[in-house]
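Below, chain A partners chain B and then partners chain C, in two separate complexes.
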Partner chain A sequence: MAAIYSLYIINKSGGLIFYKDYGSAGRMDTNDSLRVASLWHSMHAISQQLSPVAGCSGIELLEADTFDLHCFQSLTGTKFFVVCEPGAQQMEALLKVIYELYTDYVLKNPFYEIEMPIRCELFDFNLSQTVQKDCVALLGR
Partner chain B sequence: MQFFGGSEISPLPPAPTASGNNAHMMYVFNRNGVCLLYREWNRPLHTLNAQQDHKLMFGLLFSLKSLTAKMDPTNAERGNLGVPQLPGQGCSFHSFRTNTYKLSFMESPSGIKIILVTHPRTGDLRESLKYIYNLYVDYVAKNPLYTPGTPIRCELFNTNLDQYVRSIA
Partner chain C sequence: MIGVGKIKQYSNVLDKPLSKGKQEVSLSAFAFLFSELVQYNQTQVDNIAELERRLEDAGYAVGARVLELLCHRDKGNRRETRLLGILSFVHSTVWKVLFGKVADSLEKGTEHEDEYMISEKELLVNRFISIPKDMGTFNCGAFVAGIVRGVLDSAGFPAVVTAHFVPMEGQQRPRTTILIKFAEEVLRREARLG
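Our next item is the complex of A and B:
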């Protein structure tokens, strides 16, 4: 039982730079994950247009029948979103932790080209540690 | 950095307007995308003109439904993105929240979509939307002078709706 089903990171233009699946039934292939990421980027932008009040920064939480989607947008426009079980707690905190890992292991990596797909071992490793820790914390309660 | 330990940025719920409604606005669409009803109680910001606003709202909902059907992690076989879903087919969302508003959505089996936009700290409005759908059935669908597919002009529906929405804190 995973704490989250999947994680997506999209750059400021809407392109998918990282996708990790932690246990959905039926894995999405690469093309589909790219399409879903771009679609989410557009929906995020459109939701700002429809706000009745000024100062909207886009969708933070989408609640569906079988899953919840939490989204975090950094100040630079990079979006991190997780698909998790409905009613999962502490996803905002998890997203902030993932953002910290991204800044430490990806952005500070001198060989990483910005806005390109992420291929950093240390990022993958630390990310798995974080998500596993999250799992254990959940099972332990 | 401020946002790491910071509290939620949600604004306070809007002060009740003269009519006492705490909701911002409401849309009702039919399955073809015709906006049957648009009620506005408290909307300080208008980004687009009415027509474009309705189309954008319908488009957003259509795409979000398509997205949730595709992203459903519990369903092994997922259709292709962009294929129109029948009402009730595939995983659908019931609400989304931004930092300035919360949008609650309900689709009936006949394709009538009810959308209520409220302040971000509103709770789960699924039951309320079902009640509003019942109001629709009673005052609009059962109205012999109403033609399905046309904008709703039923006074009784509007009054009862306003009254009900005022009571959802």
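Our next item is the complex of A and C:
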């Protein structure tokens, strides 16, 4: 039912700073999620080097049989990526919204230490609202 | 030249009316500045009460200046001398200039005669701030409490002002209440004035 399986935010050195699970499919324990995060960070960096296209910014979409992975990298090197149902739409827009929430509720929070795991109540709250709204919009179609 | 002569020339700079001031400031710019203020003060203290006090002191200076400016700009160099007058001045005029809206509510404390509360569902300074669990009841609204104390104190109404989170029924986010406890002398004077 839910289109999004999970959401990851990794800092510029590949450390997982935020992980959230949605829905029952593809649930992972903490170690696995950390592994996926650093694996993705490396793959993203390698793809940038290997790409035949000049000025490539790395993988944006990975399509597998059972899931799609959409990635968005901010100017500072923080990467946001969602694992979702194959063929799910408007994930780029969702990632942009999540980036916006990150800049608002994480970076403007004086108690957040940059590059460290995100523990901000307001971020969690607004994120779950956004994702919920997104699910409703997807169901409504 | 076109336009020359439209601006009235004042021989004395003091005769010139004060400008209305710029009404809008970027919220992001403010949020980052405030965040830095909190972070800087955090490095200077070793406990939360001290941090609260420093934020309040920073606000106090703002409050004293705001009172001066608003009395000059809006009230023709007069200030409120009565308790309810100054409270509604803070609740509406000051709030409007600082936050672009009047405060959500102004109430009298039920238990004590000398307590008043200004409540705000979502205080502007707290818009992007999540307090970590280990900081307990700390509220960055201490800065706003300091502003209120600055205004009241400079207007001749010494008071102790504190900011608190108050959980709301049916609301996920607590609101912030600025609790004002006036000094004894203020109430005695009020009683005398009748």
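FYI, the second predicted complex is superposed on the first by the 139 of 141 C-alpha atoms of A that agree within 3 Å, B and C clash if a C-alpha of one lies under 4 Å from a C-alpha of the other, contacts with A are read in each partner's own complex, and residues count from 1 in each chain.
Throughout what follows, a residue touches a chain if its C-beta (ideal position, glycine included) is under 8 Å from a C-beta of that chain, and two chains touch if they have at least 3 such contacts.
Bear in mind the structure is a predicted one, so any value in this text is a computation, not a measurement.
A.B. asks: Return first, second, both or neither, reflecting whether A:Leu61 touches chain B, chain C, both chains, or no partner chain.
C.D. replies: After superposition on chain A, A:Leu61 lies in contact with chain B alone.
A.B. asks: Which of the two partners, first being chain B and second being chain C, lies in contact with A:Ser47: first, second, both, or neither?
C.D. replies: Only chain B is touched by A:Ser47; chain C is not.
A.B. asks: Considering only the touch criterion stated at the top, classify A:Ser128 as touching first (chain B), second (chain C), both, or neither.
C.D. replies: neither
A.B. asks: Tell me which partner touches more residues of chain A in the superposed arrangement, chain B or chain C.
C.D. replies: B
A.B. asks: Once the shared chain is lined up, is A:Pro110 touching chain B (first), chain C (second), both, or neither of them?
C.D. replies: second
A.B. asks: Would you tell me which residues of chain C are touching chain A in their complex?
C.D. replies: Touch residues, chain C against chain A: 28, 31-32, 34-39, 42, 128-132, 135, 140, 172-173.
A.B. asks: Would you mind writing out the residues of chain A in touch with chain B in their complex?
C.D. replies: That would be residues 5-6, 23-26, 28, 32, 35-36, 39-40, 42-43, 46-67, 69, 83, 96, 100 of chain A.
A.B. asks: Flag every residue of chain A that touches chain C in the complex, lowest number first.
C.D. replies: Residue list for chain A touching chain C: 104-105, 108-111, 119-123, 125.
A.B. asks: Spell out the part of chain B that touches chain A in their complex, as residue ranges.
C.D. replies: By the definition above, chain B touches chain A via 3-4, 11, 14, 24-25, 42-45, 47-48, 53, 56-57, 59-60, 63-64, 66-68, 70-78, 81, 91-101, 103, 117.
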